[in-house]
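Note that the chains are named A, B and C in the order they appear, and that numbering of residues resets to 1 at the start of each chain.
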Amino acid sequence: MGQSAQPIKKRRGILGALALIAIAIGLYWGLVVAPPDAYQGEVQRIMYLHLPSILTAYLSYFLVFIGSGMYLWKREKRDDILAHSAAEIGVLFTALTIIEGSIWGRPTWGVWWTWDARLTLTAILLLIYTGYLMLRSLIEDESRAASAAAVLGIIGFLDIPLIHMSVYWWRTLHQPPSILQPNKPPWENVDPSMLIALTISFVGFLLLYFYLLSLRYRYGEMRYEIKARRLAQGS
Amino acid sequence: MTLVKQTALLLWKDLRLELRRRESLMTMFFFGTLLLFVFHFSFDLPPDRVAEMTPALLWLAFLFTGTLGLAQLFNAERENHCLDALLLSPLDRGALFLAKTGFNLVLMLLVEVVVIPLFWILFNLSSWNLLPQIFLVSLLGTVGFCSLGTLMAAITLRARARELLLPLILFPLMIPVILATIRCMENVLRVGEFGEAFAWLRLLLGFDVIFLTVGVLIFDHVIES
Amino acid sequence: MHLSTEKLAKAYGFLWALRDVCLDFEPGDLTALLGPNGAGKTTLLRLLAGLTGATAGTVRFDGAEFAPGSIELRHKIGFLAPADHLYEHLTAAENLRFFASLYGRPGDTAAIEDNLTAVNLAARGDEYVANLSSGLKCRLSIAKWRLLQPEFLLLDEPYGVLDGSGVDLLEDFLRAQCAHGGIVVIASHHIARALQLCTRAVILHQGRVTFDERKQQPWPSFDRAFGEFLPRGDS
């Protein structure tokens, strides 16, 4: 067991180091090199964290979907571990996104929270996948918990496009009179320096995500290993 | 035996049992009506504002009433390990999904048929001519609620804090339905016809079709002994 | 039809309920499944019925693997747990009709009455199951499986609730099933009756098969095997 774990640990360590470097560069670029936004000023810089966070969260939920589907199909433990790990890290990144969005919102709109489409969607995602984690923890039988969670993982992901559509329609059909437009995609006449910062940041977040995911995955593997050993020793 | 026949058989069994004991239907009726009263006291609305609030209040009432129905959905199978009896048999699990969804749907529709006119009476609404459209929207929304609700009820069957966990995981997933039905009804009440709310109606239909299909396909994995 | 298990094992949490169970059942076998409480009898029955999934090993019907997910062979399998698997608020006749339809068997009035008469319940056919005593519920279960004619019938402790005539009914029914080439496995604590009825005995002890032989008269090996876990000797 220890033999095969060593190269994986090393690779993970390199991944983590790369992530740190990429994020550091991205942050430097975003905070120092890139110019401030024409409309929003310095506070716009949080986008270098905010956008990668939410994109990584979506990636995570996609992995939950894949892991859940594979688990129901093949019933291999590794797919269950993947789904569970991706859900946890996804919730983490989603919570981060909301906090970052809130921090951005305060100076921009003067409020800590607003029910615009994006923030609302992110909050809903948080609710769904927190529910996923709660479901897992409240079912005692491990294999039943895995199946139940897998079903939720699939259904939750299938619902996301529908939730997107409904929330966006709702928000665009009933636009409150005085609103700033925070939803403009950042690549509309944007300084190339900002784009570079964003890209590096995104790469860094991706690397960080996979680093955390592999850590969490290993933890999940170890739990199963402990169970298997206890079982082997049991009368 | 085909899927349809098996579904009909199970649905017959549930309706027969419900007709005899009437626990689910009575509690749901009472709860739905009770909520109307509570809303009336909570929201002291002037007559011109009531129409605005109607869809939201109606749907809140149905959501909670429906959740009550979901909590009782598998009651018949809890006695004498009858769920084992069904799983033992050559029953297509998709038929079980459709039957339970259908059963909750029947119960909710019966409640809605009474509660909606009751709402119009209690809140002194005059738009009686719009009831057919209101019923249609309600029907589509209820189908969505029942299909997703049956799935969630089944996966939480053996969970701790089941009654709390079910709404917790169901409601966020229901947001498209909640938004669609309420916005659709609002438009109908305001303009007198569907008009631009047709898009919401299509969303509802899409939701229903997707999750009914997913439910039938995925129910083997949902319900295990 | 041939039923076999290969190294069947089941664990609940950290405890093994069954280990290394290898059994073969031939048509006509009436097997008594014996053993102390907690030996794993009910677990084994549930695995054979496909109500629970095995932790390791397989159950095979005519060579084909059988698991909780398999639907095709289920019309051939019956499980009789004395007062279970009957809807309390349907009448006796309605229960039979329901299950007949479910299993694709003739559920006409004549067939129902015929089977109710065979277990002396014809007079109570229109009573709710909730109003029947457990002994009568067990008889209704017998009527049910008589109607459904499974090739493979499992029984979990039926003797406990039956009176004298009920026992006779049950045993006549089981003997008839085996005479027609069916397989019967009956788990019981009523050693004397089970031994008289069976053609083969299997003893389970702490999740393992410790004895598996066809009946002989006299049966010293059985007395020895059984005496091992019954400190005061056999009944």
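One rule holds in what follows: a contact is a pair of C-beta atoms (placed from the backbone, for glycine too) under 8 Å apart; a residue touches a chain by one contact, two chains touch by 3 or more.
For clarity, every value in this text was computed on a predicted model and none was experimentally measured.
Novice: Of the pairs A-C and A-B, which shows more C-beta pairs in contact?
Specialist: Per the contact counts, A-B leads.
Novice: Using C-alpha centroids, which chain lies at the maximum separation from chain C?
Specialist: Comparing chain centres, A lies farthest from chain C.
Novice: Please tell me the distance, in whole Å, between the geometric centres of chain B and chain C computed from their C-alpha atoms.
Specialist: Roughly 40 Å, centre to centre.
Novice: Take the average of all CA coordinates in chain A, do the same for chain C, and state the distance between these two points in whole angstrom.
Specialist: 51
Novice: When the C-alpha atoms of chain A and chain B are each averaged to a single point, how far apart are the two points in Å?
Specialist: Each chain's C-alpha centroid was found; their separation is 32 Å.
Novice: Give me the residues of chain B that touch two or more other chains.
Specialist: 224
Novice: Which residues belonging to chain C are in contact with no fewer than two other chains?
Specialist: In chain C, the residues touching two or more other chains are 53.
Novice: What does chain C use to touch chain B in their complex?
Specialist: Going by the criterion above, the answer is residues 46, 49-53, 68-69, 71-72, 74-75, 77, 79, 81, 83-90, 94, 98-99, 101-104.
Novice: Chain C touches which residues of chain A in the complex?
Specialist: Residues in contact with chain C: 143, 227, 230-231, 234-235.
Novice: Please name which positions on chain B make contact with chain A in the complex.
Specialist: Residues of chain B touching chain A: 148, 151-152, 155-156, 158-161, 165, 168-169, 172-173, 175-176, 179-180, 183, 196, 199-200, 203, 206-207, 210-211, 214, 218, 221-222, 224.
Novice: Help me check something: in the complex, which residues belonging to chain C touch chain A?
Specialist: It is residues 11, 14-16, 53, 206 of chain C that touch chain A.
Novice: Of all residues in chain A, which touch chain B in the complex?
Specialist: These residues of chain A touch chain B: 72, 124, 127-128, 131-132, 134-135, 138-141, 144, 147-148, 150-152, 154-156, 158-159, 162-163, 165-167, 169-170, 173.
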